[in-house]
Structures are given as C-alpha cells and as structure tokens.
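In the two complexes that follow, subunit A is the common piece, with subunit B as its partner first and subunit C second.
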Partner chain A sequence: MLKRRHNDGKVVTITVDGETVEARAGESVAAAVLAHTEGATRTTPVSGAPRAPYCMMGVCFECLMEIDGQPNRQGCMVRVTDGMSVRRQQGARDMETSS
Partner chain B sequence: MPATTAPGNFDVAVIGGGMIGPAVSLGLLERGLKVCILDEGDDVLRVARGNFGLVWFQGKGFGMPRYVEWSRMSATLYPAFAAELKSYTGVDVGHAQPGGLELLLGEEELAHRRHFIGQIYQQGGGKEYEVEFLDRKQVEDMLPGVGLGDDVVGASYSPVDGHVNPLFLLRAMHTRFQQAGGTYLPHHRVSAVKKNGAAYDLITEAGTVSAPKVVIAAGHGLKQLGPPLGLDIPIRPQRGHILVTERTKPILPMPMSAFRQTVEGSIMLGVSAEEAGYNDQVDTGTVAKIAERAARTIPALRELNVVRTWAALRVLTPDKCPVYAESKSHPGVYAIASHSGVTLAAVNAKVASGWIAGDPAPEQFEAFGVERFDAQKTA
Partner chain C sequence: MSAAEFDMVIVGAGPAGIAAAHEAVNVGLTVCVVDEQDAPGGQIYRDVERVAMERAHDLDVLGADYKYGFGLVDGLHASKVKHFAGHTVWQIERDGTVWCSDGNKAKCIKGRRVMLATGAMERPVPVPGWTLPGVMTAGAAQILMKSAGMVPSGPIAICGSGPLLLLIADQLVRAGANIAVLAETTTFADYVRAAPHLLRALKAFDYLQKGMAMRRRIKAAGVKIVSGISALEVVGSEKAEGVSFKAGAKTHRIDASTVLLHQGVVPNTQATRQLRLEHLWHAQQHYWYPKTGRHGSTEAAAIYIAGDGAGINGARAAEAAGRLTALEVACSLDAISRENFDLKAAPWQSELDHHQAVRPLLDAMFRPPAEILNPPNDSTIVCRCEEVTAGDIREAARLGAPGPNQLKAFLRAGMGPCQGRMCGLTVTEVLAAAHGTSPAQIGAYRIRPPLKPLSLAELADMEAGDSDVTLGSPSSGP
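Entry: the complex of A and B
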C-alpha cells in the first residue's frame, strides 16, 4: 500500500466506486486512489487486463477512471475536489446514444 | 543500416514497400519468380502508414467502368486473401465485409449523391451495380442504437463495402513476403533505372540491383523515377486527415465511408481532401471540420476524446482511377499508381501480379494505361 509522504493537506472527501474515501486537497485522483487501495484502477478495452496508474504525469493513460460521470479521464491529470465521484474504468466506455 | 548488397538473379525488382509493392510481390512469388523489394527508410513520406482502412466499392470508378469491376473483384477476393495471410503469418488483418454506408446530410447532398451514383451505373451500360439508396428510417434500422443527427436524410449503401486494419495488412504482407522467399532491401532508395543488356540496373546508394523486370510501385516516387523510363504519369499529392477517438464498446456495425469503428473499439473519422503539395502536416482547421461533421452525423461522437490525428498524402491521378502501365520505350518496366492501395491489395496480389509475370493481360486492362492522360492533355 502506498503512503502519503506529507499528510498535512486539507482533507476532502471523495467516493471511489461508492465508498467514501478521504483525500488531500491538491493531490490527483490517481494519487488519492493509490493511497486508498491496492490493485487495479481499470481494465483494458481489448483484453480486459487489470491496470493501475503508472507514469503519474499524463503520458501512459493507464490511470483512466470515470470521474464525475465522465469516462476515460486520466486520474493523474485531475485534482480531487470535495464530493467528487470516482469509478474504476471497466473496459471500453459506452457511447451515450440516447440523444 | 545499409543491407548487404543483394545477390543478383532476380526476376523482378519491385520499387516500393508500401501497399502496392508487397501485394504484387506476393503474387509474383506465388508464381515461382524471384523477387526483391527495394524500399527507403522511415524518413520518407510513407503514405502507406496513413490509411483509413476501407475496402471500398461504392462511388469508385466514375468515368472508368473497368475500375468499378476491378474494385469489386478485389472486394470479392479479400476474404480469402485475408484468411491466407492469417494462416501463413498469424496476423489477423481484421477484414470484415458487413456492407458500407455513406450517410448524407440534407437533401442537396442526397440529390448530388444520387446523381453521381446514377452516372456510374449508366457508364457501366446498365450492368448490375450493387449500390442502393436508403431513407432515414432504413438507415436507423441498420444502425440500432446509434442515434443519427437531425440532418441525416438517408444514405447510399453497398453490400460490397468493408474494412480492414491497414497497418496489420502492411505488416502481414511484409511478413509473408519474406517468409515466401522474397528479398526485402530497406534503405535502397533508387536514384535511377538503367538498361543493361537484357536487364535493368537499379542504382541505389547501397549498391546496384539488376532484374529483367522492374515494377515502380513507389507512390509519389514515381514522379521522379517515371519520366526517364517513358512513364511520365501526372500524379499529385492530395492530403487527407484522420482522427481517432478513444475506444468504446462496439456501436457501429459497419463502416460509413467517413467513420468506422475498429475491432479494438476506436472510432476513426475522416476524410478530408486538400491540395497542399507535399506538406503532410496536420491542419487544425481541417481537423475541426471533420469533427464537426462527425458530430452532426452522429451527435454522441461529441462526447468522445480524440486521441490521435494525422495527415497523409494520397497518390492521386487526374481522374482518381489507378494506373497499371508498361513502358513502351522500356519494355519490362511497369508502373502502378493508386490511392486505393488498401482496397486493391487483394486484386493486386492475385491478378495484377499475373500481368507482370507475363500472363495475358486481364480483359480491357488497357483502360488503366497512361494514354488516357495524353488525351486529356490535348483536349
């Protein structure tokens, strides 16, 4: 399990797959999820292989998660905000075609 | 790294390792000929890396019924060609022939398309032409759950249309070529082709390669290589853009000319046409136009992230139809030029190769010759 080196930031509350999780203001969604849990944060669209945040700098796209209803966002490029809803990305996203 | 200079005794030297050269070469190898492909490095235009991946029939061959038949023949040969590549190389080129649509926005586009398709039909002398028009309701029934934009009034449809993964196709053809005994010579940019007795010498920085027959399948390189060999063919570059979205669950059951969903789930959006010389840089204004039209056609596409864009340069003839020509001044030197290297890969491998190997030319093959451009010059 990864631990925060600095734990003095303001606490914000997010949900990860419905579970309430404390995060720190200023950190990325990927960092907050890694500090909360081990294991995969998404599965790939082609083979379904489990993946987790890797580069933490916007390059590898391994940290894709659904953030506030928007699928396939890069968790490492989005800062947590109070009340944010995060879901692991399961395979390929849907295309909302109801419009 | 310059390859070692090739051993001689080639029956055919093919200039160009794009979509056309390897396809034709596969057929030459099948006929027992000794073949080499002379290719350049990765620092050249490489238009065969920029394809959209349609195996397309409808709308091809305006003004040249022979090209309509040729495209149909390639589409018909494709399933076996793809299966053969897979069985030999293990590479699944992702070919499918579910039929294809060209979605039309507004009555004016529909009328224009009807006229255009009608002319191709008439030029064919009333022969069967597998393209029909669908109204909006029929298109909706064909695309359950897709959600068409309000402007979509209908589509032209052909059951002959399909698609393929063009990069896997290129890889599979190259793999099979070497597996079947072909000699691939990268970094062999041909600067000149010279007659030497009964053969031709192909001069490259990495050495000279000789063969009695030469096929120029060099894309835009034909512009420089052709004229001294009696093959002054008026090709020009025409730029096209492609956008690729993030992967989604399967939603598009068939290619739609400007859109197709890959096996892996990406949606590819195209296809523009600009006269930009040899500039293959991406133009953001064009990208925006493609995205806007895509969103008008299928509004849900607006939600998707675009993950890649690129531009590539079609090898275009004045009538947009392919060239298959043997030089009159230099017998045994052939030129093939087309912007439909993906669609025609199967027929190039299975039929055009025979013409080069010395079989009688396919019926009415002279339609693809260069004389048609002379007529245009004097007209």
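Entry: the complex of A and C
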C-alpha cells in the first residue's frame, strides 16, 4: 500500500469499484488505486491469481483496469481525472486488439 | 490524409530523444518527437517539470541528478520541435514510417530519418513469489516518488543489485520511508572481479564518489544492509508478507508489506526487434542490444538508435549520444558538412567517453546472479501473463522446443498482453541452459506489430486515405 507524503496538488474525486476515492491531479490511476487499497488490483485470466502493478512504466501490463468503461487500460499510463470511474478486473477481459 | 513529414522523427522523449531534438533543430532540421508519456523526460526525468512547479520540496528527495533534467526538458516547449506527447508507437517501418496513436485515433508520421530513443527497462526478477501484490520493481517505487510524491507505507524490503538500487534506497531514506532491509545479491567476488576496471573508472570518479556517499547515507540512516544474499524468495499467499534469503550460513526471514526488486536495467528492444534489426548478446550483462554503427546508424539506412536502447550507459551518456546521432543524421541529409560535424561533435564525444568510462566497472561489479537469469526452482513463474513456470519451459525443451518462438506454440509463453517484455530474457536463458548452449545461439522472441495492443476503434477512426494500413505489412518484414 502507498501513502502520499504530502497533500499538495488539486484534489480530484474518482470511484474505485463504485466507492468514492480522493486522489490528486497528476497521479496515475494505478498510483491512486494503490494509495487506496492493499492487495490485488486484478486477478489473472489463467488461474485467478491476485496481481498488482509491477513496473509503473507501461511494460508489464499487470495494472490492467477498466477505466471509464474501457477494459484493459494500463492504469500506470493514465492520469486520474475528476469523476473518473475505475474498476478492478476479475479474470479475462476481451482484449479487443487487432493483432 | 497524407502522413505528416519530418526530416527526423524521434521516438521517445527521454534524455537521448530530447537532446537529439534540440541538436537537430539547431542545425535546421524539422523534428518531431513521439512519446508515450504526456510529459517529457523519459523515466529518468519523469514529471520533472511538474515536480519543480508543484512539489519543489520533492526535488531534495529525488536529488541533484533528477533536478538536472529540468534544464534539458524545459527548452522543449519553446523550441520548434513538434512534440506528440501521449502517443504510443505501435509500428515502425524501415523506410521511416511511424504509426502511433493517442489512445483515440491512430496517426501516421513519416521521417526521412527515424531515431529510436526508447531507453531501458528494469530486468525482470523472476524469484518465487514475484507475482504477488506488494512486489514491485525498485524503479516503480521511484516512479511513484517522481510522479505522485508517494512512498510505500512499509515496511519495505529492497532486494537485488545495481547502481539504481542504491540510488532508490537513498531516495526512499530521504523520503522518510520505513525500510526493513536492503539485501544485495552483490558478493565479495563481484568486487574482486570488478577491481581491474577501477583504473579506467577513476576517470569518472564522480560516479564512484556518488555511489560511496549513497551507501554511507543509507547506513547512517540505520537501514539494515545484508550483502551477498542468495535464494531470494518473496513470502506470502495473497500478497507479499516478507522476504527470505540466505546470507553466509544463515537464512533470514524479514517481514515486509512491500518488496522492491531490482537487477539492473536492460535495453528496451521491442521496437528494434519489430524492425528486424540484428541484435547482439551482451555476455557480461546478459541482455540483447541492437547492432549499431557510426553514431547510432543501423543496417536500415533510415533508422538510427541512441541512448540506453542501444546498450546501457546511463542518462548522461544517452544525452551525449542523442546529440551525436542528431548530428550524424544532419550530415546524412546534407544539412551540415562532415567538417562541421567534426567540429560540433567533438565536445559531445568527449562527454560520452567520460560517462562511458565507469561502465566496465559497473558491468563487472553488478552482474545478474545465475539464479535470477535461470530460476532453479521449477515452480517459479517466468511468463507472468500466461503463468508459465521455469519447469514448464524446461519440460517443453525436453519435448523438443528449440527456441523462444516455438515455445509460444507449446506454452503460450510471451503471447500475453506484455508481448514477452517480462519473460523474453528469462525464456532465452532457461532454454539455453536446458539445451546446453548459449543465449546468443538460442535467440529471442520475434516481435510483431502492434507493439502495444490497439483497439479496433483507434484504427477505425483513422481518416480516409489511411485505410491502406496493414499490420505487419510486407515492408516491415514477415
């Protein structure tokens, strides 16, 4: 679990799985969620194992979350905005990629 | 829509990319920088402008080397450089065509020359329990300090080796974090092996001095430091609860709610692989790097590479290399003469030499341990996405999988969302050991576009005239 060292910055309000959570403008979604919860931010499609952000720089894809209705967004690459809705992902979500 | 055209398209806005952009604009080239992040700086100077404006007190925590980035980044907005921030590159072609997307809409940009400055990533550290929530890379903790002013609530176990490990431990100490242990895999033998390089490294005495000062500060802060550790494991079932490791004859078990792993950084080769450029194996540091010629040129005439993406040398070396590559590009486009090049390049070349002087020492001192390269425990997860273990890979090798690409068919390893970024190096090492050959012989995953998952909506939103876009088109290889 993460803690903010200070309370500078504009407060923005997001929801995480429906629960209202305060975050600071400029933080990534992954950071804001980790400052709010301990433990898993998703479970894996293969075995349902708990996972959480690992690299915070866009390479591991462990931070996949549903952001404003869009599944499989990289939470570490998106900054929070006021009113944003974030959901933790359970198991497989269709990647809807063109690959 | 016809693709926007530039003399030079630079992928990545870290030190190499920004420095190259400045240099190229100065000699009259039209330049575009495409970067995945919405603010320039790369990982090393991540969010440095925001920190300087909004949380200046964090500059003291992050230190002078981070603050230095502000000067580099600052000029970018005022310059004539076109900066596509928040744009993820998903395909590059050898003729200089770069496909990217801002998350809503795909774009095509054309460069007469393209310079890749995609930097480094931390080497994945596959130890038992490394997939548990609460485990992050040490670099991730640093990014959280830079981009959010956050630290793990602790207790924190910091485990591994490398110059960055010390730096991040030092920064966490200054940020007042609760560090339970700094456990280094570096052994006495590593220091002995590194000693012959000391003389050359003395040319970069500033680096050595900084390293020693960091160590002193961490110790002075009362942090428990254990060196020469092995058999590292993260303990816990649903989340990290601590670490265990051996040091000498003793087994340690230390409680921690956050475990930070680090074993140095390696070039991020996704883009250079997708371009089918030749890659070489760094035998000492156990990573792949693209083969480059004079000042970052490659076998593809339009493609250049600078910075850590071409081989790890650190941020200041990347900056000098970026400038040299920009001048080389300018020369190749006849924007400057060779004589003019020599004149302009000389100071950057000596700057580069200075920052490279310490590298042989660091490379010899901080070698990733064998148990990280080829996890001895069969149940250790190697491919995090598809949950493929070291034992699965060894079994597939026994059943005849000769290399990483065949392994995809056997096990789906490397076929998840991260596209092999997290398991590629380990898969190569495990297969090499299983077949009794070298990593260089085994090779690496073939990387196909898109480099990052792309939604159909992003593609569909391309303007008319872009409909000829084909992923993995013939020009980028099979």
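In this text, the second predicted complex is superposed on the first by the 92 of 99 C-alpha atoms of A that agree within 3 Å, B and C clash if a C-alpha of one lies under 4 Å from a C-alpha of the other, contacts with A are read in each partner's own complex, and residues count from 1 in each chain.
The criterion applied here is as follows: contacts are C-beta pairs under 8 Å (C-beta built on N, C-alpha and C of every residue); 3 or more make two chains touch, one makes a residue touch a chain.
Predicted, not measured: the structure shown is a model, and the values here were computed from it.
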{"item": "Contacts of A:N72 with subunit B and subunit C, given as first, second, both or neither", "value": "both"}
{"item": "Comparing the two partners subunit B and subunit C, which touches a greater set of residues in subunit A", "value": "C"}
{"item": "First (subunit B), second (subunit C), both or neither touched by A:V46", "value": "both"}
{"item": "Contacts of A:R93 with subunit B and subunit C, given as first, second, both or neither", "value": "first"}
{"item": "Touched partner set for A:M56, first subunit B, second subunit C, both or neither", "value": "second"}
{"item": "Touching both subunit B and subunit C, residues of subunit A", "value": "46, 72, 95-99"}
{"item": "Residues on subunit A engaged by subunit C in the complex (per definition of touch)", "value": "1-6, 8-9, 24, 26-28, 31-32, 34-35, 38-41, 44, 46-47, 49-62, 64, 70, 72, 76-77, 79, 95-99"}
{"item": "Subunit C residues touching subunit A - in the complex, by the definition given at the top", "value": "36-38, 43, 47, 50, 54-55, 57-58, 121-122, 131-137, 139-140, 143-144, 147-153, 175-176, 238-239, 257-258, 268, 384-387, 416-418, 421-422, 448-450, 452-456, 459, 471"}
{"item": "Complex interface listing, subunit A residues touching subunit B", "value": "45-46, 72, 91-99"}
{"item": "Contact set on subunit B toward subunit A in their complex", "value": "145-147, 246-249, 251, 264-265, 298-301, 303-305"}
